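Two complexes come next, and they have one chain in common, chain A, joined by chain B in the first and chain C in the second.
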Partner chain A sequence: MDIFEYISLIFTDYTIRNISLGTGALGAICGVLGSFAVLRKESLLGDAISHAALPGIVLAFMITQAKDNYVLLIGAIISGLIGTLLISGIVTNTRLKKDAALGIVLSVFFGFGMLLLTFIQKNPDATQAGLDKYLFGQAATLMENDVKLLSIVLGLSLLVLLMFWKELKVALFDSDYAKSIGIKTRFLDSLISFFIVLAIVLGLQTVGVVLMSAMLLAPAAAARQWTNRLYVMLIIAAILGVISGVVGTAVSTTYNNLSTGPVIVVIAILIVIISFLFSPKRGLLMRQILFIRSRKKIEQTKVLLLMYNIAKTHDDVGHPHSNKILNNFQGIGKNVLKSLENQGWIKVNEGMWLMTEKGFNYAEELNKGITL
Partner chain B sequence: MILPQFEIQIVASLVAIACAIIGVFLVLRKMSLISDAISHSILLGIVLGFFITHDLNSPVLILFAALVGVLTVVLVEFIQKTKLVKEDTAIGLVFPALFSIGIILISTNASDIHLDIDAVLLGELAFAPFDRFIVMDYDLGPKSVWIMGGILLIIVVSLFLFYKELKVTTFDPGLSAVLGISPILIHYGLMSISSITIVGAFDAVGAILVVAFIIVPASTAYLITDNLRKMLIYSVAFGVISAILGYWLAFILDASIAGAMTAVLGLIFILVYLIAPKHGFLSNLSLQKRQAKEVKMLTLLLHLNSLNDGIENEEREIKHLYRHFRWTKKQANSILKFAEENGMIEIDKELIFLTNKGKEFSAKAIDYIITNRDDKIEGMKNEFMLFRG
Partner chain C sequence: MFEMTDESKYALNVHDLTVAYDFKPVLWDIHLQVPEGVLMAIVGPNGAGKSTLIKAILGIQKKIAGTVEIFGKPYEKMRKEVAYVPQKGTVDWDFPTTAFDVVKMGTYGELGWFRRPSKKQKIAALEALEKVGMLPFKNRQISQLSGGQQQRIFLARALVQNASIYIMDEPFQGVDATTEIAIINILKELRSSGKTLVVVHHDLQTIPEYFDWVTFLNVKKIATGPIKEIFNDENLAKTYGINYKVTINK
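Our next item is the complex of A and B:
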């Protein structure tokens, strides 16, 4: 199946449409809520919570014996929330740092879930809750109802963001100030945490437990490179999330045998790499260009001042000197002389250079600035 | 106890000891989640190693896995250095990327072979005794005992050789650089050994249990001691106890061994978290309560101190406290009792007076509040926690 066939299938094929819509919606949710996780320095919360959801899923299955997806989701949410509470409990009550708290919750909850899972697996007439699907995700199982649920959650989280936008922003960037003007930061924190847990749990069945953390933070980390404004970041993150989801699904369906979750994550990470390299203000490429430019500038200034010091010992500023004089002091490239000539500060002629009036005045100013 | 049972416990204990030692340094350096990242990304190393050797038991796999483990650390640090994202974001980007590439490589190239990702992640300790190390028809026991034993030997030897260096670089990298110990060298040494340990251990117990054995015992130990040597000993002890108790729990319940061991680790952590004498939840709670009481008592003393003798007696009435401070009767009584026990006040016919000690104390406290100098309150520190931190 090639890519054009795929695009036509999005409009005609029921399953493929559901999967694309579902992964797209998931990408948008993750982009928006992930931005908050990244800015709150809780990037790895996704990793911890996705693991912490396992015992909830298994317990929900054991108690209800229902294969109903929603019951398992509620179990996952409850155990994810307990995990978040425990993480903040450990951080506030002990001297353990956040990394240790996340690691403890992640591994212990997951191990406990595995322990519970063996009881289900032993029970002969109960089908397994699908550990595989949970570990690696299966976008192919996205149904129309799942798409609806994802859209509702997306709408709900956008609504909440709009309602508390100003408060959230203040609490995010200056929580002490927010507290002092009477904003209930604790309530807002719990609200956002709740929605992050919700996003993670919904993402589990699509991309799986291991890759959920990347799904949550990659679009946000990429978006952060392109802007310093919160709402712009959220919008870009949402768009990048949708692109990763939809393109990832397209690639994995076009090439048979590829599981969707890993492909989505690889696409998202590629977007992050592109953003790291090419973002106009913070990108590594731009940084390198600026670095080279400023090094060149420094070299130019150095040569110009050297010339100034030679030229000022003569009555006539424009007295020509051999280029070799400069070389006696230090190696000076032709490029530097050329760029100085281009600025109209000096004139170069057959191995000789002379300073123009303009260049002399400029150098005098520079020299003043330096000796001051 | 039959032989395989004994062997499983030996393997688990070796893993627990190795992980517990490394965990102490990772937790102290606030890098514990790097173990989570390594334990996932080594999947890529195993896949690459398999493509080269086409043999799942080849030691090349372990070598590649360890290399990818170190690569994970290098990549994370490279991203951190660019300062484009916060450090934990760097971890969260690197390991899913490497893990995804690993899975995609498996599904495109190796779908016909049996490289079970579940087994990589979850591990199966129960199978450890079946993979024997046989030299010239002579059975030397399970392979994993030898592998983990070897790794543990490396760890213990390097721990003894570089104990001082590890200690200095962990607690004061600046000082270590001054002393001529390179923090970077020690850091990469530690990362390489962590990587090798995780690779060796996850084969036996799975990625998640490795992470649990690294982070949980060390964190538990950190709650009850301030001494690095003791922390190492406690951490190892917690690890081994959990491994053995976990094994028998799994045996009794007929359940997943790795799951049971993590559950025991978690239980021990929760227990210590609740009752740890200095850094626990309950001691924290009682500390907060005591501090609140002391603050209230101090307010009372300062209030009394500001009153003139005789003239303002209505302000000395116990009833006045209810209105003035909005204390309930019960609260007021407990604070009055607390202040009386400490000899700060005397109650005479429903009127409260400062004793000499109380007057001295409030004068000192005011002095401290005004000048904010520590030496004014040296003597009070022992008696009242309020002034300690």
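Our next item is the complex of A and C:
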């Protein structure tokens, strides 16, 4: 199956439509909520929560022996929330900083989860229900019910955003000020954290424990490059999330059933790289171009002023001089002379230059420091 | 408007306030009464608890003991009478928002949950921007403003609240002379219209020129009262622990 065949199947094939809708909805949820994580400078929280969810999934399976997705997801939510509480508990009650708390919770929970996973794999009685799909994700297992659940969560999170928009915005930007005007910042924090946990847990089936945090961060980080408005950032992040999800799933299904999680994340990271390079205001490329332009401008100005100082010692401003007398008798690069000629400030002919009246007047202004 | 009992004649009344971080007191039994219509500086060395005092008054910082009253009523009931200007360095100025948007946040308290700023609030925000001389920059992303301009935006956000009491944490920190003069003129104007201002301030040289009331703080309250009566070497020495000489422009 090639990619074009796949695209046509999105509209005709029931399973593929479900998968695309599911990963798309997941991408949108992650983009929107991930923006909050990024702006709260809690980018690594998602990583800790997703890893913390693993033991919950395996324990839920061991206790119930059920392959039912929802039972496992509830296990994941519980252990994800326990992980979140532990992180804030460590930060408030010990001298450890947040990064250390995140690292501890992440590795301890993930290690414990992997231990349980290998334990049930070794146990001949229990058929381990393909639990390892939660490590790297498998979009192909998305069912209609999953799509419904994802859509409900997407709708709910958008509703919460609309309801508390201005409160969330001020709490996110300046939480002390928000508290002073009576906004319940702790309630809003918990609300957003709960939705982030929900988004992560829902993404585990598709993207997997290991790479889920990238799904949360990449669309938001990319979106930040394109806008300076919060609501625009959320919209762009949602769109980029949808693109990563849908395109990633398409690529992973069409090429030898690659693991979905890694492919989605690779697409998302490509979008991040493109955004960091090419965004018009914050992009590295644009900044480099502006830098080169201003350096060129300075070089031109320097040469023009040098010529002005030579030309003004002659009665005839347009008196031709050799290029060699510029810059300690080394001559000046052809490019600079050419660009000055293009502006109509000088004329160049056979190794000689002369200043035009326009160039002389312009240089005179520059010399007074008016134009600079 | 307010009942003129003994307690309610004070714009701000702090009773026996104690705050601690990790069992170490940062504010010890602070008793502080600020009359209406003064422009008061809070001074004290680093770690004296100046910002903590402000945050405890505003209910941002948890109190171990004590109460805070605004015109004789608990702060929670009088929020709309108080406008807060936090330290500029406490927020991320790369946040995706514009100067106008930040100033509009000053109307959120009055609006309450669920309501959006309407035309009335937008006009108020534009007027505040005009007042601090930032109207031409209203659509700038806030990271593209200078430190002084950012401070003016914070001030404008508080002005929009049209409160009776303004509480400011180092509004002159890291601003140039022009901005400092612009800000102090606005503060003095607010005082002339009967507002009460409480300002954490570091530059002891300018205190007699800018303020008419002062509180010396170093974990405990050292002294509070009119500049003319209590801004002297004795209180400075008690607060800063050294013989601090300043010239008082009388």
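The working rule: the second predicted complex is superposed on the first by the 324 of 372 C-alpha atoms of A that agree within 3 Å, B and C clash if a C-alpha of one lies under 4 Å from a C-alpha of the other, contacts with A are read in each partner's own complex, and residues count from 1 in each chain.
The rule is short, and it goes like this: contacts are C-beta pairs under 8 Å (C-beta built on N, C-alpha and C of every residue); 3 or more make two chains touch, one makes a residue touch a chain.
Note that the coordinates shown come from a computational prediction; the quantities given were computed from them, not determined experimentally.
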Touched partner set for A:113, first chain B, second chain C, both or neither: first
Contacts of A:166 with chain B and chain C, given as first, second, both or neither: second
Touched partner set for A:368, first chain B, second chain C, both or neither: neither
Which superposed partner A:229 touches (first chain B, second chain C, both, neither): second
Partner chain(s) touched by A:182 [first = chain B, second = chain C, both, neither]: second
Which of chain B and chain C A:221 touches, first, second, both or neither: first
Contact residues common to both interfaces of chain A (with chain B and with chain C): 41, 224
Chain A - residues contacting chain C, complex: 39, 41, 163-167, 169-170, 172-174, 176-177, 179-183, 224, 227-230, 232-233
Partner chain A, residues of chain C touching it in the complex: 55, 58-60, 76, 79, 82, 84, 86, 90-92, 95-98, 101-102, 105, 108-109, 111, 113-114, 116-117, 141, 157, 161
Interfacial residue positions of chain B with respect to chain A in the complex: 27, 30-33, 35-36, 40, 79, 82, 84-86, 88-89, 91-93, 96-97, 99-101, 103-104, 107-108, 111, 117-118, 121-122, 208-209, 211-212, 214-216, 218-219, 222-223, 250, 253-256, 258-263, 265-266, 269, 273, 276, 279-281, 284
Touch list for chain A against partner chain B, complex: 38, 41-44, 46-47, 51, 89-90, 93-100, 102-104, 106-119, 122, 131-132, 135-136, 210-211, 213-214, 216-218, 221, 224-225, 255, 257-259, 261-263, 265-266, 269, 272, 276, 282, 284
